[in-house]
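For reference, the structures are reproduced in the following blocks.
Same chain, two partners: chain A is paired with chain B first, then with chain C.
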Partner chain A sequence: MTEFALDTSTGILIIVLFGLFWIGFGYWLGRKNKSHEDFALAGRNVGFAFAAATAMATWVTSNTTLVAPQLTFQFGVWGMIGYSFAALGLILFAPMAKRIKQLLPNGYTSGDFIRLRYGQFAWVVFMIISVVYAFGWLISLGMAGGILLESLTGLDYHIGMTTILVICVGYTLFGGMRAVIATDFIQALIIIAGVSFIAYWLIDNIGLSSIHENLTAEHPKLLDVLFPAAVMFLFNNIFFGLGEIFHSNVWWSRALSFKKGVAYKAYLTGGLMWLPIPIVTGFIALAAPQLGIFPPSMDMIGPTVAAAVLGKAGAVIVFVVIFSALASSLDSLLAATSDLVTQDIYHKKLKPKASDKNLMRFNRSCIFALGVITWLFCLPKIATLGALLNFAGAFVASTIWPILLGLYHKKLTGTYAAIAMAAGTACGMIGYFAIGFYVAALVSCAVSGLICAVGIMTSQYNFDWKQLQEEDAHANG
Partner chain B sequence: MTKNKKSFNYCYILFLFCFIGFLPTPTLANESAHQLTIEGPTSVIKEGYFNVSVSAKSELQKLDKLTIEVATDADFTDNQKQFPALGDFSTISLTGFSNGSYHLRARAETKSGESLVSNIIQVTVKHYPLWQALTLFFIGLIVFVAVVTTLLLLHRKWTHSRHHPHD
Partner chain C sequence: MLMGESVFEWMIITALILSCLAPVVLLVLWVKDLISKTIW
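Moving on, here comes the complex of A and B:
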């Protein structure tokens, strides 16, 4: 019977030390925050190195460290190759980030843009999609923390899940975006070094040929390039990634917090740095059958295999790498979602005259509340990480066309944009339940694209880009 | 004729008693033989992966060396494979199955070394037809090319208009 790589007390000790370090670091960084703009957008002064690192580290998340191996275990080689195509999200967002910075030099959120460009109706649909997605991702990250500890130490899922939430909420609460970006930088270095080390060790100790022989004999479907469900999954994953990045305030708030001229290069570099990581983490899962590792849940496969190959010291490295990956995404999402709620709902709708101090206080309360709600949703382990994330795919992929056309094309109206997002999401969910999670985003994006195309072809409308900046000037005036 | 009729009735009643008397016996025998119960998917699997879970008859019984045996025949002689469980977990994720019908059973040992075997379940794997997968693949490809082309063309147009505002 396979034993756990670390004993429970070692796991708890690492997590306590790690947690104290991050929270202390967040507190130290937070002392420099003087205004709400400092807290939410790090003073709009983030340079290239930090910008590229935060883009890459935020995108290395439970998706990459736990779901990429899970999908490789399920879909074979297509699982890891298909997953690496999610880098296209960051790469294609690079030109859009440049455009965003030009259109909204003083903007705060993606919701801001949708409201000004498309009006109330589209804004409401967009906010529903954003909130569902943010919670889907937050829950998956919280769950991933629990799964990580459970697979490496056998510790109860609820303890791991609670711990990672407490740590991330803690340092985001103290440090805001400045802490998020600074910790992301360190976490990116840990992730790159750790993943490279694990890949080298795995190939050196097990060998590619023996893994290939075992899969050919015992699990031939995992090497089949015409594996039907995997073929369906490929483009679905690309659209899911595009939808996540194009719409989410995590990426918009970064684009807005970077120095002028940095966003394009930072997203491009971040995407290229990210590209090989799912191949490495996914490859780990292909070694599982040969090692005789068959976990209770598919999403436990990555850390379990890595720890089995690397032994106790290796398990500590795996633990630190995955914990860094989870934390770098969880903090970003907490910060970006609370910005969205603070700026788009509290400031714009409820208290337009709120002072800077009030906004900061509300933003902090929001981070705390998001942490508590996520914790409550994480308590029952409702689905595997892959299934949970891909459910959100039906929502986010519907925003790809409205965001893209909204940024560059004058003709798409708010009504068509709202219908495209709503109908795309509905059809994506039908695909999710009728066929499987691997078609939800594809269906959603295709339907939304068709509606946008009809909207542009029949439109007589010409949006005036100055409306975005006039609002900006008004807000600052 | 009357004697024949009586004899028929006697046989009929005897048969009924035998039926009632023996009916529960195989069930009881079956239960006592299987200290373990294995449960798996009941519907046809279309992706080649699934989970099975094993439970002991007595909830207090700690299982050791839990292994799932898979074969293409009910006697477990054809293409037999074994998959060990991780740690103390009693659920196992299995993957990479091609089209076909598979028989599964669980084996484990108690702390005292007693060997236990479970009931046998059957799992059918039938992947989606390739034409269906390739249709979705090409729809995806067309939509993706449309997204990338639109983005690059619009961005290029915008960059051009910034540098040549009077064009």
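Moving on, here comes the complex of A and C:
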């Protein structure tokens, strides 16, 4: 694309209007926050509609809208099918969310659970993984914002990235979890309607047969169902998705903020609604070869196709959809990570007697600080989005077994859980560098699982579930 | 082995139909929550 699909002034106008709306909406919702529990967990009273929408919208990130088309272009049909299998993370988290609500009715974070279930050593390892992952995701989102604005409007990367961060930090700061969830609902509707419209337009105007014909003749690899690296990617992506969701406080804090009886059905519905989206966004990329589109940055394959075929209107739709996808994840991550730091480090370790007002103030400062740190890391464009994302796979996949067994099995001890997470991460990183990004999560999960299995087989330990609730009740007065 | 045209078409069309249904489901759930006053 030699010319930009939107002129810079149109891009700035959209982002200013969007920014004002989201920040104003966040401020309006934030007026209802009377306590830290209101701010961090929306009063633990989120209904089914908002719960299902936030589960789905948070999982539709810049990665779904930018990286899924990129991977489809690299791995063909397995790229999009593999990506859609990440829905399994949400679907399998549904029963876990119910269990989390039962075990920790007054809990705040995933870190809370790890500390109470496994002790200090495992908690430290877990927090390192969580923080690395959270920053990896935050940076990839911030970078995606800058890349998006630059590609579509020609606006300088640094200005675009800064603007998106300011907007998301702004409304999360004012409205807390309530604003995050309510905006997610609207963003979910925008995202699905937008990507569906673009895919429909491509089918209607170019035709599925024509796209298939072109791929068969010119790029048969993209239709190959026995593409070894792509099949490996599929499995890797499943474990990556499971690791991301099972460990991240983004999903735990949501489970804890939902009304009683809502968590299970909300995650299940959110997962089922998310499942077809990577196929729809990936399909957009498959039309690229026929249209003669080969963008300089593979991250932008989806938006470039949409902008090329739909013109200015398409560019506006892409802009709004990806902005919504970015915002719905960025706000969630800011809120969940600041909850983790406020509750697990500030409240539990530094100021156990901090007042509710203090906690709320610290939580807000944390959101602001996270925004600033993310901005600093985003200043240099350090990696492509896909590379940054998959690097985190080595970290998060190592937590799958310790989390799962921690919730359902009494025998795994903290030492084995900590070793499983640390060794899994180390081996996953070796796999990442020695073989390729598409095996990092697989290796990490396998090594961690093996260590957990040894831990259980040799264990005489029997964890008492009541230990989670006793501390929980004590902590909440 | 290449994916056949009919499988390819079915996969894309099914995904598109399912993704079009999602906003409808969300709006129905929202109206239901609104009526029963259980949004928050």
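Convention: the second predicted complex is superposed on the first by the 475 of 477 C-alpha atoms of A that agree within 3 Å, B and C clash if a C-alpha of one lies under 4 Å from a C-alpha of the other, contacts with A are read in each partner's own complex, and residues count from 1 in each chain.
Quick note on the criterion: contacts are C-beta pairs under 8 Å (C-beta built on N, C-alpha and C of every residue); 3 or more make two chains touch, one makes a residue touch a chain.
Everything numeric here is computed off the predicted structure, so don't read it as measured data.
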Partner chain in contact with A:Val320 - chain B first, chain C second, else both or neither: neither
Touched partner set for A:Ala426, first chain B, second chain C, both or neither: neither
Contacts of A:Ile128 with chain B and chain C, given as first, second, both or neither: neither
Contacts of A:Ser209 with chain B and chain C, given as first, second, both or neither: second
Which of chain B and chain C A:Val166 touches, first, second, both or neither: neither
Partner chain(s) touched by A:Ile91 [first = chain B, second = chain C, both, neither]: neither
Touched partner set for A:Tyr408, first chain B, second chain C, both or neither: first
Partner chain(s) touched by A:Phe50 [first = chain B, second = chain C, both, neither]: second
Touched partner set for A:Pro220, first chain B, second chain C, both or neither: both
Common ground on chain A, meaning residues reached by chain C in one complex and by chain B in the other: 220, 226
Contact footprint of chain A on chain B as seen in their complex: 46-49, 51, 64-66, 68, 81, 83-98, 127-130, 132-134, 136-137, 139-141, 143-144, 146-148, 150-152, 154-155, 157-158
Residues of chain A defined as touching chain C within the complex: 32, 42-43, 45-50, 52-53, 56, 77, 81, 84, 178, 185, 188-189, 192-193, 195-196, 199-200, 203, 208-209, 212-213, 216, 220, 223-226, 259, 269, 273, 275-277, 279-280, 283
Footprint of chain A on chain C - complex, ascending: 1-3, 5, 8-9, 11-16, 18-20, 22-23, 25-27, 29-30, 32-33, 38-40
Residues of chain A defined as touching chain B within the complex: 1-4, 73-76, 92, 95-96, 99, 151, 154, 215, 218-222, 226-229, 231-232, 234-236, 238-239, 242, 289, 292-298, 300-301, 304, 400-401, 404-405, 407-409, 436, 439, 442, 445-446, 449
